[in-house]
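Scrolling down, you'll hit the structures one after another.
One chain, chain A, links the two complexes that follow: it is found with chain B in the first and with chain C in the second.
What follows is the complex of A and B.
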């Protein structure tokens, strides 16, 4: 089964209705997309696999306005983007992380200038607990001690029962029921890298095939905790505020906190382009970004399960493209 | 007449070829699975030796070859050189006259040079990407100076790493009993994006002369050999809190961290390599000696760790070299080196080995695709990095490349077995007894109602069952576990009570049956409330809480739920076959038994049931096969937790669900991919063996019970 088919299958299966409602304010601050001119040609994007679905959505949306544009998307991982940009085999390099300095250096050695990074969407991983759970916040070492058997983030003891968490002592002596994504997903890998400090999951983490199925399981299981994309929040669950260190100040998954990096499990998603400082960028690329930073484009971000970026940032990002 | 014979012939050929085709298909599935699994049995090997003559004498001691093997970097006491490794020309030479000590880290590509005036120069080795005119990629090395730092005094030994995520550099210089620890932290100017390094120096005194130092590439751990003592520390608690202390018995030749930074290899003359891994001992991190390796050299020359996995190579003075894999303690390869007494090195992709003499470069291809797979790692207990004890673990993927794959099939096999056992516990009594009831005690009108209903059960898509089990049944049972268990146990007796009342009541009208049935159903409600009341009295309101306080973990997605759901799918299979078997027992036997004075029940249980047993057995085995292969329900309702216990209140992960979850993302031809195929093959073999055994038993029973 191809990944896309599997994705669709799982989405249909669990009736994932992503609530665009939550981000209505942000999206409504964007203007509707009006093409400056109708463009045509071929656009190639090579890079992140996380952004694959979103890129496909954008491509389909963009083609509705510009029927003459053909968009090819290849998503094998963020590391494939820089070489593709350097070789010129792709005009767009979607990446779910920033370019490393060595990658930028390589680009610079060829072209003499740096590639342009455009922040196109936000991704925030949320830790969910059941609505009835009195817990409000955790620190990353605690999250690690809950989910991991290696505890590489440095928490001294294992946390296996709700009574092991001091802030809600006396609530329940039940074991913590753990939910997470299946190992094939990027969410699993990101969580493992950031929240487990590259450690290993406990065997007891129940792997769910889809992001929304994690949330649904948490709704149905009073003593559970799970991680999934913030786009999948429903009523019946509570999103925890997270602190980077034990005893640190916990931050909620608000825009501001994800944007400023105070919330530890947030990240930007980027599209890198080759934008020479002396020349104008291709009209088609410019139009594509204008589409991304429009009401339509940012609604698609939500549809793909990510967070739209604040309009202010979008204006700045769009300004980067000359 | 003739045409009829021809017809027979045509059909017999058709049927035969159909049979042969079936066998052929099954065999080819086997063959395909076997073919996909086969490569993991091929041991690691070296092949195609290539020798390049270098046109100048190389005085280097440490070498680095790029991933395409075009350029060799040679570092020695006189400076460094870049050599075209295909042609043998020296591309560039940097002669440094006042070089006192140097270190080249083969994994983070950073070079430290110590000058006579105690200055440490740090160079990044960058692989600059180039393309040939045919569009083929290659890399050219570029050795760029990053920064330099002046130590308080000259050092004889230097070790250092480049930290991940552009965090900066760490290095340790030492001479005699002094250790200098330097951390160069990256600072990026907010406006100009210019990069500067802010150094932090700390110095330490140790009791003995420092022999060697190893720094983990994430900068977390530092190990020091001073005198005959090896000790490891966390960076923050350098020389204060020992994570490892070990006394050497002979000369320590080399030690280094493996990929992943959680395992330390030491080569000591006359001993096999020793590997320590980090472990959680209570709440403390410690390095433990958890691995046993075989062979080893009397006299080691050097150690080379693979940049891509936990393979490491040891070169002996007698010209033999060994390749080991840390996780499963495997000796991958023992082979003579093409040159005597030159150190062995491995390329950045881990696919070539090379040795460099004064004027020659020897390269061999190192075929080592599946080092992590061995009998021990698939079926044995392994002490993995970071864990507190050896265990059977399935965790195939990680967030980073340096992840240690954990590929034990034991949790999956146990999970499969657990799933089958719990679904059979539920399905066998219900289906066999109901088949007995339908075939022996019902009239044809009732049969015509019941049979299609049962068969309809089989046509419900398992996705729907899995969905219901996970999101409806699981929370329902969690809330009412006590009542569920009590009613499940009591129900048969409760029914018997009603049967007794039924026989005692005199009337014979059909209203008696309907009335009693109504009372029976109506009484279930109060019964349920009674159990709730009991739960409240006995367990202070919560049976599940009581269980968890007594050490029994109740997971909402558990074997009980899956047993019910999978049991539901196999009930119709066992039912229809068992029902056929019961119906096929000749009526004459039953009638004969009853004529000899047996009651109906006696006749059914003592005569019909034994006679039909082979058929019933076949049905159970078919149900077993169905349960082994059941994927969707298990996938959705268990949580796929690869744990190892037989508690009905915890989940499990079956082989089939595991394949469904992991195969779509397994890189083609990778170890994970092969292991998944191996598990598929195992699943087929299990099914085949069970079918064979079942058929054999059935035949024997059949022969025994022939009438």
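What follows is the complex of A and C.
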């Protein structure tokens, strides 16, 4: 291996890594958290598995300021959040996608008003390949042709083996083995909507029960490709830069690229709550969101491997909660 | 004649080999789990690695079957600086690699481990040479302060709960409210003071690249200078790591700290389930075996029971969710706790419903085993008792049931083993990734059956498939599996010895 190649290798390892320092400016624009009132009781969160770890970090942090608050967290997929909010089994519904029309309707039928969606963090959905793979970037139509049988994003032909990808011609003629999430997950739904242009997944996509098992499968399988949140990156895999159109400029999953929308698979992560328009929301929930949108809360976002949301957005989101 | 002998021999050999394979498989599984589990806590050497292009890495070597042969994986730690804990280097890119005696590994409660060199210890505005013994003393001191912090937090929690109860009253007395608020505020002030005191202690360290990093001692658990300590010290650290793992609460989204709540949750769950399933199963079996008239109806029931044993456990989970939680739990809430709605009390997953679900799941096992136990009591004994003038109930109570106890306990063993290992149904009926409180506490009513709980099996699942930092928790997965195995084996051993004792006692006279 030549020096140049090794240099690329090391930059792949360290260059694309999401470091805490990168977000100092964003986080320092937030005020420190100061409790407004003394709260106590139990908060239950049921929903996204992507947000599971972040919710746990927030819970641990929040309890430092409010020792009387207990937070229970269940994360089995975004689709479990709306029923939990409707049944009242949870006060917080973390979701890695927006609620669907049908889910909002069901909620409205029971309560007479819509659930409140609060954007709490940014996530880049990443396409992972094995470290040994020479591929560095893909375009969305190519991703579509790899994962989907419908190819609604407009790629002319199906991509089923590595030799079908032009930029790495000659590397291998093996079939591409595909890994993804199960259909209860918001990651699955988001990917389907954005990267497959609402098309259908190929039957060969191996659906994994958790975000990190997708990445682990890619580590173990040299000829594989998979999608999962950027927070689950490990050694042994490579994150691809993505371009919106074929032949377009590919962008990496950096904060600037996600915020500006240049990286095509950036998304907001949400917490849905049941906030009646006539009544004030529970003080405990209000305090919890004030904590999330504070210096402490957003640095925990970075610690969990996600991206903090811009302060301007945070102010607007906090304003939604009455 | 010789031909059939030949076949008999062949079959015998086949049986022997299968048995041997089975044993080897069992030993192999145990070996893999325990070897990896015990290795998780060992003190590893820190290596300084230089690549041909002049890059330096410092860390522990962590081999892994999934990393290709020609690669070397290092745990370099410092997730707050590098963004991740592991790197992979091609073996032919390595210029030199050696053990670094000066390097230390700092275990923290945040951001995983720090690996680098100690520079200074800051206490207030004093700067001290970071000798290991002094650092360790400081850690102890900070630990005391942190205990104080926890106690203050607990007191605040108690008082703020009281405050909420007062606030929720229809006409709270303003005097009591003020008084409580004042007390909480004083405690908060004390808490702030303690935290400020903790934050005076800092450890200055540098990474292998020479970047200076200041670590809060409040986050430091342990400093391990693996190059400089004796073998005895290493084993002490090893043992204390195991103890921490067993006795601490998890931290950092379950990737650090211990598994105490999960052990506790599993044990309580199995215990409550056993209490529920045993009487129920035994009564059913006694009726079926002793009272019910043999016929198509009882045979139908038997078939139903055996079929119940074959139903996949996740189906029981669905049943638990639909019937126990939504139906029964929802009704209990609307009758007894309407003032708490829409926040559910029993209308959500919890220890009670999880135990009940598992009780149904293991009911067939108990019924079948009990029936076999009942059948094993010789007819002569029953008839003898009847001949002596005992009523049917007296015979069952005094003669048949004691004789069937070994069978009942066999059922209990099977039920416990099955319940402790179940994960799928629990995910629907109350297991959580992080339960803030244990199901048993000093707070009235002491056993909180409505609380959600942590479970070892689910913890393993969570670590393996959903952990954000899956590489560094890999050894913990094995360690947690080992703990689960030990718990199941222990509870089985207790029941088996109880069974042997009772068997001796009751068969003595026969």
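What to note about this one:
To be clear about the criterion, the second predicted complex is superposed on the first by the 174 of 322 C-alpha atoms of A that agree within 3 Å, B and C clash if a C-alpha of one lies under 4 Å from a C-alpha of the other, contacts with A are read in each partner's own complex, and residues count from 1 in each chain.
Just so we're on the same page, a residue touches a chain if its C-beta (ideal position, glycine included) is under 8 Å from a C-beta of that chain, and two chains touch if they have at least 3 such contacts.
Fair warning: this is a prediction, and the values are worked out from it, not measured in the lab.
Applying the stated contact rule after C-alpha superposition, one finds that A:183 touches chain B and leaves chain C untouched.
In the superposition on chain A, contact of A:220 is made with both chain B and chain C. Once the two complexes are laid over each other on the shared chain, residue contacts for A:73 go to chain C alone; chain B is not touched. Look at A:87: by the touch rule set out above, it reaches both chain B and chain C. With both structures placed on the common chain, the touch criterion links A:60 to chain C but leaves chain B unconnected.
By the touch criterion defined above, A:311 lies against neither chain B nor chain C after alignment on the C-alpha atoms of chain A.
After overlaying the two complexes on the shared chain, residue contacts for A:39 are found with chain C alone; chain B is out of touch. Of the two partner chains placed by superposition, only chain C is touched by A:233; chain B is not. After overlaying the two complexes on the shared chain, residue contacts for A:208 are found with chain B and with chain C alike. Residues 1, 3, 6, 13, 87, 208-209, 216, 220 of chain A contact both chain B in one complex and chain C in the other. Of all the residues in chain A, the ones that touch chain C in their complex are 1, 3, 6-7, 9-10, 13-14, 17-21, 38-42, 44, 49, 52-54, 56-57, 59-60, 63-64, 66-68, 70-76, 87-91, 131-132, 208-213, 215-216, 219-220, 222, 231-236, 274, 303-305. Note for the complex: chain A touches chain B at residues 1-3, 6, 13, 83, 86-87, 100-102, 105-106, 109-110, 149-152, 156-157, 161, 172-175, 177, 179, 182-184, 188-194, 196, 198-201, 203-209, 216-217, 220-221, 223-224. Residue ranges on chain B touching chain A, taken from their complex, read 126, 128-129, 131, 135, 137, 165-166, 280, 283, 384-388, 393-400, 402-403, 406, 411, 463, 467, 470-471, 474-475, 478, 544-545, 548-549, 553-557, 635-636, 638-644, 650-651, 661-662, 664-665. Those residues of chain C lying in contact with chain A across their complex are 51-53, 55, 66-68, 73, 80-84, 86-88, 90, 92-93, 110-111, 153-154, 156-161, 163-164, 181, 184, 251-254, 326, 341-344, 347-349, 427, 432-437, 452, 464-468, 470-471.
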